[in-house]
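Across the two complexes that follow, chain A remains constant while its partner is chain B and subsequently chain C.
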Partner chain A sequence: MDNIAGTKSSLSWAVNLSVIFLVVLWLIPTVGLLVSSFRDRDQISASGWWLSPFAVEQNFQAKIPAGEVRQDGEFFVIEGNIFSGGEGEVIRFGGARSNPTVAAAGETAELTRDRSLTVQANGDFVYRSPAEIKRDPSVYYSTATPPDFSLDNYQTILFSNNMDIAFINTLTVTIPATIIPILIAAFAAYALAWMDFAGRGLLIAMVVGLLVVPLQLALVPLLQFHNSIGIGQSFLGIWMAHTGFGLPLAIYLLRNYMVGLPRDIIESAKVDGATDFQVFTKIVLPLSFPALASFAIFQFLWTWNDLLVAKVFLPSNAESWVMTVKIADDLLGSRGGDWGILASAAFISIAVPLIVFFTMQRYLVRGLLAGSVK
Partner chain B sequence: MSPLLQGIITVIVGVGGCVGYFFLSNLILDKVIFPPRADNPGRNINRANLVRPWLFLFPAMAALGLYLVYPVVGSFYRSLYNRSGDEFIGFGNYTTMFADNGFQIAFFNNMLWVLVVPAAATFFGLLVAQLTDRLKWGNIAKSLIFMPMAISFVGASLIWKFVYANNADIGLINAIRDFFGASEPLDVLQVRFWNNFFLMFILVWIQTGFAMVILSAALRGIPEETIEAAIIDGANPFQVFFKIKVPQIMGTIVVVWTTITILVLKVFDIVYTMTGGNFGTDILPSYMMSYMFRDDGRATAVAFVIMIVVLPVMIWNIRQARAEMR
Partner chain C sequence: MKARFYAGAAALALFAGLAHADGHQPFAVGEGDFSWDSYNEFADKYDLSGQTVEITGPWTGDEKEKVDKAFSYFTSATGATVNYSGSDSFEQDIVISARSGSAPNLAVFPQPGLAADMASQGLLTPLPDGTADWVRDNYAAGQSWVDLGTYADENGEDQMYGLFYRVDVKSLVWYSPEAFDEAGYDIPETMEELKELTDLIVEEGGTPWCIGLGSGAATGWPATDWVEEMMLRTQSPADYDAWVANEMKFDDPKVIAAIEEFGAFARNDDYVDGGASAVANTDFRDSPTGLFDIPPKCYMHRQASFIPAFFPEGTVVGEDVDFFYFPAYAEKDLGKPVLGAGTLFAITNPSEAANAFIEFLKLPVAHELWMAQGGFLTAHAGVNTETYLEDSLKAQGDILLNATTFRFDASDLMPGEIGAGAFWTGMVDYTTGASAEDVAKGIQERWDTIQ
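Coming up: the complex of A and B.
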């Protein structure tokens, strides 16, 4: 179809370029986060992540030893090198914390009380004062530091911020909440697809209707119910809640798939004397694997990424925080300005879903196509 | 006991319990209650088959009933009571809520979200689906645009917090403004009214992949002859797209649109993590969360309003499903 009439090569160029543009637009935010998560926290605020391969201009402070003062006419002068023997290149400098980069290297900065300061690019400085210098004066200077990539942020967040506990908690919530609804739904879907009974159509319609019931409705009554039967806010409660909330989609997806299985196989099995239970476990279940996988991925992503249900059905103490709650309620509040920590925390929380996504995309797509009400 | 161990035990108990229930209940039905022996085996088998569907359905129906049907009634009932739940106040929660300025802002914003997000996500999804349709590297491009679907709303919010950061050395938006000569960084999340659109774009970013996948499959499903015929008749690519392709996938477009609309009415995470509902960005789900644990009467009333907004879509979905089954 590439060379049919009406396909112009100029248009094909435009198509390629616009797709590249869209892909880049869609990727940039995530790439920015990934790059930032490896950068030193001071460098993150010193230059944008898009400049991260280049040296960063960072501000430093140095003390000039007042002991080395000598008198030069009516001035007191201190001379020396701010790198004190080390290597470096001063870009700008200043003598006050409020304005640390007032002058460029080689210039002379006029400071308060008629003092002046000159710093050369190689770090040599001359500090002049009309009055006696008693305390060590401070010099502020900016210098280019090479890019600093490391796993420090990940280390900090994992081992001193309890993100590891949150990770385990997320895993704990996710695994049962993914497996149990599949099993319950598979039986129900089989009944709705291959068994004849009065009210079947009504039940299917109900499942379709329940697909869109807002979760918000369930929160208050169910929490009350959990409290009244003694489960309260606990892992058991959240597993049950996720199971209930995931069922409509599970039943709907699986039923749609099972209905499409060839009738002959099932009927000939029944003629041969298989019971419904045997037909289900030995024929329908293995054949439905793609649909089971689709739903498993959906439910996994949904429970892993969920914030609402975890906030309501899990206790609000730090030991039970899942990663989304930890990031939203703890890190964004207490460490709102620590971008390195935030970036690495976000990346830890999205790493597993991304792996699942890229390895099992096929099933996810298939599930999406079957799952949207046609 | 560590929660993870507890989780593994729950999986084993849950799976074992389910399998055990189904196996044993079928066994009891066939062997004990209606054994295909005695004086009337045929009638017994038929009776067993009459009961069996309900054995298969019971756990799912019980869970659905308890976790989704009961809450609709339970929430409505609770919303008629006061904050502490001991005094019946009729529609008192609703009247005070409708008079509350915060609720009005949240409702207005939510309607804005409902108008903008599904439209934008469907538009971008359709655009990408069409552009990548004949592209050699189309699958890679689609996979990358689809990727945000896997990211949590919280993670996505963090990603975009970087983009929107109020600092030209961190935030891309402010860096671009800086490049074009703006002197002061601007906190886009505090710009009244427009901040809503910056939050909406995060959801558009996530949902475009979903729209793209479904619409791309729909585009593939269009009969090739219709397109060929149009090209032979001299239609240009734009005419082929708007006059031949779009009308044929209109049904799918509607489905995508409504699915995203429903989602928009439920997502509270983005507003909660980005602004906490401040600066005039509250929407109904986040407004509800701000009353959750404080005033259950008000919280359930908000939830019920969301339910009522969703109701038309729900009815439409059911009608579609029933029509399809016939």
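Coming up: the complex of A and C.
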């Protein structure tokens, strides 16, 4: 029975296990980022995110007010509670910074210079010294700190000044920068796939060649050009830049998809008297929808996440910041030390692309195969 | 219900923002210890209503807020609007915008090396005549600030391009006074004492140093500061200058000795928190937190004056943490060298208002307005040091003013490919086990290829 096609292999559990293993392995960084996004900078540098769900024993310092000293025989004694009215439970304590957990709660610790210290679990302490106490002595104690998560990072980002403007700016950049290249590329792809003219092959080769040109090369000359024709740093400029940078891939992808459409349909339409424009709008465009959608997803994600192009082609004042620039230049703090902000910013800025992705993902798989199968 | 709550919170945040914007000027003109006379005189002299000064610089986040507040006084004095924008990647942005012709009026350079590069390509405009004389007369150790701001233009002629505004002192060792007090350690006055103290801490079971070199793409730079400090403490200032200019080769025995002096601290497993292998992996922003742990993970941390920004929230400089001068060798007759760095203003797109702004920066009050907000040191000798926000800043300022030798961060002066590249990565290689000779030789070879 084992060899009959269609039955489950007895080793399927191994497959499942390894799939689970790989999924967990791939998710670890994301989970770490998610956990870190709920912690502040000090917590992140104090302990790893994997320790954050557990109560940790942490050491603290408390100052005993020397003013409350009273004399008890030949000893000077201070009594009180280290939590000064608050709640808490001492696990271990000590009188020296270098050895803060020398005794368990309830015991008496012998300190230097014949002093002694007793701390109860509820925080009540007795500090005895044979000599006069001049400065406030320090008591060190360890106590279990419950896990501490907060939404502060998210609050900082969502409610910071001008975040709404940055969000709208990002949409102002991404939506036209997604639509314009699709419009142009669809026309170009049709022409390259279905219209006969001299040098068509060469044109296709050039477009493919452009795919390998890194966009960083074009930043300075392109901005120079924008300045000379009067666009300068503006939204119009960044739409044109994104369009230019996105076109080679768009044309290549769409052309390869369109060339795979059945020749019969297009030829019959032409026989019936359809013009190229009619063939394009009535037949080719509707049939190419999966490829258009998948390119739209790519282009949208890339313009949404873009920092470099936005920094170069938009003015640098706060009114024209897109979200990525706002996060990098404003919220991360001077010298970029706020890891918590970075983590939560990642999750906030991922939200819109996720919505786009999940609403259009059924086209993505089809679109990824675009042009690959004839 | 919930939606309403959030809307309310959003409205509150918005109003808080507005209130914030209204209170833009934290100090009333004419009140406090500020040098308002210079401000009033300046305000009478200039009327630039309707003009705008565009400035870009490396200050972001909290620092941008302080800058905006300090510069708002230029607006109230002249009527011209100041648009300051900070960028995390300033070094790249300014080159792109200057080359493509959309440069701001003024740029704030954190590294003189980059400003010198841009000056030699003709992308900067020299400061108004007389600025050099003014700096010479009004800055402590004025001539050195003039030299640091003077570069060759595209024709090879020296011009004054940079006016320093904001200085960092690097030769500081941070420590917890309480930890020192309890352990009975004294502040070392000489390098010999510092080394003895280091050994003593190890003997008593502690870890003396926290060193972290991590800094994203710039990983390694804190080590270059260490090497520069050691250079200044083992060799003459003339040797240091020759090293910066590559007249003394990077693999000169004197430089290798300085690298090994740094290695004596950083490559000793007993001396550094986490052991020598942790040095290159620890982020420089995280490394000082070891001072505040109970029990202390380390007792000392050598870092520039800006590092309190990365101490845990609520830390008070002067109480929870303090600093001492990174001492010099008593046996070597080199005085008390101080290493520093700073940011300089240069004109990238000249205008009347830009020139006026340079004049504004010469006023003591322009410096005092940031001094009073904290995190700012100045070499301007005419300021009222009473306006420093904290005594600790004043003490750092005094270290600067009392230095027998002041030298600027060498890696900021070297060509970018070395000072912001090969030197950094070389130091990471060194702390992870490569020999000082190999590392120094590698850096010199890189330098040879760009000359």
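By definition in this document, the second predicted complex is superposed on the first by the 243 of 374 C-alpha atoms of A that agree within 3 Å, B and C clash if a C-alpha of one lies under 4 Å from a C-alpha of the other, contacts with A are read in each partner's own complex, and residues count from 1 in each chain.
One rule holds in what follows: a residue touches a chain if its C-beta (ideal position, glycine included) is under 8 Å from a C-beta of that chain, and two chains touch if they have at least 3 such contacts.
Note that the structure is a prediction, hence the values are computed from the model and not measured.
J.: After superposition on the shared chain, which partner residues are touched by A:219: those of chain B (first), chain C (second), both, or neither?
T.: A:219: touches chain B and chain C.
J.: Looking at the overlay, what does A:353 touch: chain B (first), chain C (second), both, or neither?
T.: It touches chain B, and chain C stays clear.
J.: Chain A residues in contact: does chain B have more, or chain C?
T.: Counting contacted residues of chain A, the larger count belongs to B.
J.: For A:161, select first, second, both or neither according to whether it touches chain B, chain C, the two together, or no partner.
T.: second
J.: So, A:100: does it touch chain B (first), chain C (second), both, or neither?
T.: second
J.: Once chain A of both complexes is superposed, is A:78 in touch with chain B (first), chain C (second), both, or neither?
T.: Neither partner.
J.: Thinking of the overlay built on chain A, is A:309 touched by chain B (first), by chain C (second), by both, or by neither?
T.: Touch partners of A:309: none, neither chain B nor chain C.
J.: Touching A:117 in the superposition: chain B (first), chain C (second), both, neither?
T.: neither
J.: Once the shared chain is lined up, is A:139 touching chain B (first), chain C (second), both, or neither of them?
T.: In the superposition, A:139 touches no partner, neither chain B nor chain C.
J.: Per the contact definition in the header, classify A:45: touching chain B only (first), chain C only (second), both, or neither.
T.: Touch status of A:45: both partners.
J.: Output the chain A positions appearing in both contact lists, the one against chain B and the one against chain C.
T.: Residues common to the chain A contacts of chain C and of chain B are 45-46, 219-222, 224, 311-312, 328, 332, listed in rising order.
J.: Provide the residue numbers of chain A that touch chain C in the complex, in ascending order.
T.: That would be residues 40-42, 45-46, 59-61, 96-100, 138, 140, 159-161, 219-224, 226-228, 232-233, 311-312, 316-318, 328-337 of chain A.
J.: Show which residues of chain B lie in contact with chain A when the two form their complex.
T.: On the chain B side, the touching residues are 2-4, 6-8, 10-11, 14-15, 18-19, 22-23, 26, 30, 49-50, 52-54, 56-57, 59-61, 63-64, 66-72, 74-75, 78, 124, 127-128, 131-132, 134-135, 138, 141, 143-155, 157-163, 165, 167-170, 172, 175, 205, 208, 210, 213-214, 217, 228, 231-232, 235-237, 240, 251-252, 255-256, 259, 262, 265-266, 268-269, 272-273, 285, 288-289, 292, 296, 299-300, 302-304, 306-307, 310, 313-315, 317-318, 320-322, 324-325.
J.: Chain B touches which residues of chain A in the complex?
T.: Within the complex, chain A touches chain B at residues 1-2, 4-8, 11, 15-16, 18-19, 22-23, 26-30, 32-33, 36, 44-50, 168-169, 171-173, 175-176, 179-180, 183-185, 187-188, 190-192, 195-197, 200-201, 203-222, 224-225, 235-236, 239-241, 243-245, 247-248, 251, 275-277, 280, 301, 304-308, 311-312, 320, 324, 327-328, 332, 339, 342-343, 345-346, 349-350, 353-354, 356-358, 361, 364-365, 368-369, 372-374.
J.: Could you please specify the touching residues of chain C with respect to chain A in the complex?
T.: 9-10, 13, 17, 20, 56, 59-64, 83, 85-89, 93, 96-97, 99-102, 104, 178-179, 182-183, 204-206, 216, 283, 285-286, 289, 293-296, 306, 309-310, 312-313
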